[in-house]
Amino acid sequence: MSGGVPMSWYLILSAILFGLGVAGFIYRRNIITVFMSIELMLNAVNLTFITFSYSLKQVDGHIFSFFVMVVAAAEAAVGLAIILTVFKNRETLMIDEVSSMKY
Amino acid sequence: MTALIFFIFAGIAVFCGISLVAQTHPIASALSLIGVMGSLAILYLQLGGEFIAAAQVIVYAGAIMVLFVFVIMLLNAGAEGTSLNVSQFAKYAGIVLLAAFLGLISFIIQATLPKTESVVFGAWDGGTAADVGRKLFTSYLLPFEVTSVLILIALVGAVVLARKEI
Amino acid sequence: MNFLILSLIKAAIVAGVLLTTLAYLQWIERKVIGHIQLRVGPYRVGPHGLLQPLADVVKLITKEGIMPANVNRLFYLLAPFLAVSLALISISVLPFGPQITIGQVTTYMQLTDLSIGVLFVLAVSSVGVYAVALGGWASNNKYSLLGGLRSSAQMISYELPLALAVAAPLLLVNTLSFREIVEYQNGFWLGFIPRWNIFPQVLGFSVFLIAAFAETNRVPFDLPEAENELVAGFHTEYSSMSFAAFFMAEYANMVTVTAVATLLFLGGWKAPFPEPFSSFIPIAIFGFAGIIAVFHGMHPARRKDKYTLPAAGVVFLGLAAIFAGSLFVPMAQTILMALFWFCGKVLFLLFVFIWVRGTLPRFRYDQLMRFAWVVLFPLAMVNLLITALVVALESK
Amino acid sequence: MNLWLIPILPFTGFLINGLFGRRMPKSLINVFAIGSVALAFIWVVKTLLGLGELETKYVEHVFTWIQSGPLQINVDFAVDRLTAVMLMVVTGVGTLIHIYAIGYMEHEDGYYRFFAYLNLFMFFMLILVLAQNYLLLFVGWEGVGLCSYLLIGYYFTEQYATNAGNKAFIVNRIGDFGFSLAMFLIFRQFGSLDFTKVFDSAKTMPTEATVGILTTICLLLLLGATGKSAQIPLYVWLPDAMAGPTPVSALIHAATMVTAGVYMTARSAALFTHAPIAMDTVAVIGLATAFFAATIGLAQTDIKKVFAYSTVSQLGYMFLGAGVGAFSAGIFHLMTHAFFKALLFLGAGAVIHGLHGEQDLRQMGGLFKHMRITALTLLCASFAIAGFPFTSGFFSKDAILVAAYERAPWMYWLGVLTAGMTAFYVFRAWFLAFTGKYRGHAHPHESPLVMTGPLMILALLSLGGGFINIPHWLEPMFPEKAENEMLAWLSAGVGIVGIAIAYLFYVVKPSLPESIANAFSGLYKLIYNKYFIDEVYDATVITPLLATSRTVLWKGVDAGVIDGTVNGVGKRSRGVGGILRLLQSGNIRSYAAWVVLGSVIVLLAIGFAGGRQ
């Protein structure tokens, strides 16, 4: 045991973080927090990429998580710009109150 | 040593993750997320991904989350109210489903992966900046270039969206 | 366990020296600014105000820490803590001397040699924004909030040219480890021009230095604490040790940035002159300074000088003697020479920081942002592209 | 050799003029329109000089267009001797007509549109000529049809022009239908559409195996050719197509596009020579069209209509040549016809231009002194088409007639009679327009140099074009037929007789035609009304077709079946959607919860179905 950690632990940690992200996505009302929950899920996925990369002794997983980061950056830029616009127009960040397109 | 570090930082990550979901104030959530990212960076280091660990801190914690914090501060977003206006389905099914999801996935991971494989710090160091760079600029050159275009598009889109007159 | 003990010893030495330096840096700054403005600076506490930092420390510790109303206590206290710890953490990967052997122990003059040292420093500095932003936000004060917002925008903006300016010398040296970067700069062109990166990278160095001013929130980029519009920016509400932490963080950041500049562009601890001359330079400097001090002590302009100047002269002469003595102990000479040149370069850059503060006025906010994106960023980009092109052509 | 540059140059002109022409001054439009075509001509000349004798076909692969199973369609351009002739004619005559159009179209609206279409036409025509397989040829074939439609309907504010455009398009569809079927059959039979492969395998196939299928293919190809080249029974669109501007009539409906059918027949000579029945059909249709159209031409009063029927008639000659196996004579006539018929139309255009749009021969007369250059050049063209000795028409037409005599003497005699009629009606038009007294009310004037210049060049070509020995040049591809001096001189003599009769009728004794028309009033009316062919088509084809479409297809199929199905599907979808919309709470979290439910189910499935190893 002192030598190392089973690989599955990393994966389970990733699953837990992913589940926390999902929970945040479902139960939180603030758009920004919801957005951050998505980032948490992306991070959890990145962890699996890195873990499998270690397991397979290939660097490709790192590349994937690198791309995930870059895309997350792009997404954050656009998403936060949208949030800013929403706030400017509606004076609210609560996701339930932005519902004029409903039905 | 590896196990100790893993437990410490996995613990921090899970704690911060819970905090992200449980805190009512967005700033607190954002800081928790930064905590998750930091501890994940340490775990990446353990898994031999030194470049990706640095990138995690620079890009995620240092740039993306700064944007989040910045926006939260700019909008002066306060704590959300306690009333959970969650849809009926999500409210009741969510917890059960999440529990089932976690249980199942842990079960499958445990059942599928070979038990003997374990992570030892320093056992594989193929994730240096040189390795990642070599792969990125040879095998993944096209995706890399496409990503740069994506970033440009996002940049333009963000500028257009955030302009005063819209 | 040898490793742990060794690390502890090194950490203790570095921390002690560093914290003292930080305290005295404040004294140096006040002195230099004072002389630039034709004042004398601190003069009361101790000879030439030499004990002023000590007095400051005592004052800050004993003052009451005020907590403003309706603040988030955790974040309010977390911010200065983050600031100072992040500022100090980067020092741990910076080397300040070559490999040395003392008795049985062989080690580097560095806390830890990271193979991605440069990335580590960049990462830590990018996280440093949070301290300022959080401090500004948590103070529950509009000046603080504006200061925090400004500083986060400014630090993000200037991080880009900074990183790009760092990337250019990295292309030349082909490594991310500070130690290897310094080793690459060993030797001389034509026998007398040191092979420092600053010579092929003049543009990169300039961009780096300017961006470093902004990253450390120093004049002329000290918008976050522009006192005439924002009282004191993000640390308006802070007092006592929290304030001291922010203060310390600023100086620690300065030291880090100047040390990184020294390592990346100025050849680290490598002497700027070929070997036989460089060994005598510290002896000459210290000796000359000691002699002058003693001489002025003999003919004092002020009454106190009769005691203080000869004492200082003796100290300088003693230093000169130590350097002279080290000529006969090879290992001691290695250590002392490395320390001398490294500290000399860092101190010179710090002097430049202070000098600029005494000279330049502050930017306006829009000018600051435009300067980052319209001037600095393209310059850094062009520099990087040209460097990449040259490296690619040379490797053919 | 960069063959692709030849069609691309006019296409560039089309793009520039079509996209930006509206905002460009006329001079700039001219530069791009004429410049691109002239460059294409220069490039053709350069290419042909570079290719030298062209003993074998030169093929250039541009790119693979369609690759699906055994079907491989390349965009390949090829030049052989036949293509070389066509390229020279198309780009050379095309350049002259473009230049002429500067003057003719000067006062028209939509100047840029006209030149854009004209350039587009050149592009498709060059594709057609350069194509190395049937499908690419078909692309050009359809493209020129499109441009023809666009240009006939150029004056789209006039009802007759749009109607004429529609007529041309629809009639051509019938022919194209045949062409498409022929292509399907060719692919089915030979497994390829590439000319070289098809013709090589057609040559090596045993005769008895191919006779049926090849005859079918050739007859279907012939149907396509009759549509494009205005042969019986699909010739009716061409006279109406004169509604377009005169340069269009000259370029598309005389010199180039309508000869595409002849070109295609000659290109497929390897197939036709293996299908004797089809060959005979070609010859008979060509001869019948030639004779038939010539008789109609005798009585027309619209100067452009006269030349239009003359075009139909001359095209008939070309098909006659192809049908009797004298492909080279057909192509030869195609070239000379391009010269003199383009000249005729351009001359007619100059006359119309000078008379401010007057087209009726009865409103002309005595124009010689007003427009000498036009009159003289038209005279050259008339001599050429009448087969006057040593003009270009003499050589090419007689080559066809001699070949026809070899095949069957009655064809020769009918052809000679047609030649006489041709000479008669062309000179009738000339005499009516240029001699006698002026009967109109406009103020005739000579056209500018930009119009008369091309006329003069074409006049030279009409007179001297016969000395370009096309049959000899095409010898390696199509074996030359026997010559017979005697027969040639005979037909030329008949042509001169026709000229003389015209002179007698319209210069010496202008009252004579009137009395003859009265004497044979029934026949005259029949001819004057073009044998009532349009009316017959109207009654037998169009009216029943319209009635069927209206009652069965519209009311029955479209309103009943199709609309019913669509509405029914819509109703069902709404019904199902009414149930499914209960899931759509509009609450993003519940969607997320559904996603989690889905992943749990997937995980369960994995767990049970083989996650364990």
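Read from first to last, the chains carry the letters A, B, C and D; within each, the first residue is number 1.
Quick note on the criterion: a residue touches a chain if its C-beta (ideal position, glycine included) is under 8 Å from a C-beta of that chain, and two chains touch if they have at least 3 such contacts.
Owing to the predicted nature of the structure, the values given are computational and were not obtained by experimental measurement.
In this structure, the chain pairs B-C and A-B differ in their number of contacting C-beta pairs, and the larger number is found at A-B. Set against the C-alpha centre of chain C, every other chain centre is closer than that of D.
With centres set at the average Cα position, the gap from chain B to chain C is 33 Å.
Computed from the mean C-alpha positions, the centre of chain A lies at a distance of 5 Å from the centre of chain B. Chain C and chain D have Cα centroids lying 85 Å from one another. Spacing of chain B relative to chain D, judged by their CA centroids, is 68 angstrom. Multi-chain contact residues of chain A (touching two or more other chains) are listed as 22, 26-27, 96.
Multi-chain contact residues of chain D (touching two or more other chains): 587, 589, 592-593, 596. Counting only pairs that meet the touch rule, the chains in contact are A-B, A-D, B-C, B-D.
Those residues of chain A that touch chain D in the complex are listed here as 22, 25-27, 95-96, 99, 102-103.
Considering their complex, residues 585, 587, 589-590, 592-594, 596-597, 599-600, 603-604, 606-607, 611-613 of chain D touch chain B. Chain C makes touch with chain B in their complex at residues 72, 75, 78, 115-116, 119-120, 122-124, 126-127, 129-130, 133-134, 136-137, 145, 148-149, 152-153, 156, 159, 176.
On chain D, the positions that touch chain A within their shared complex are 586-589, 592-593, 596. Considering their complex, residues 25, 27-28, 31, 34, 50-51, 54-55, 57-58, 61-63, 66-67, 69-70, 73-74, 76, 128-129 of chain B touch chain C.
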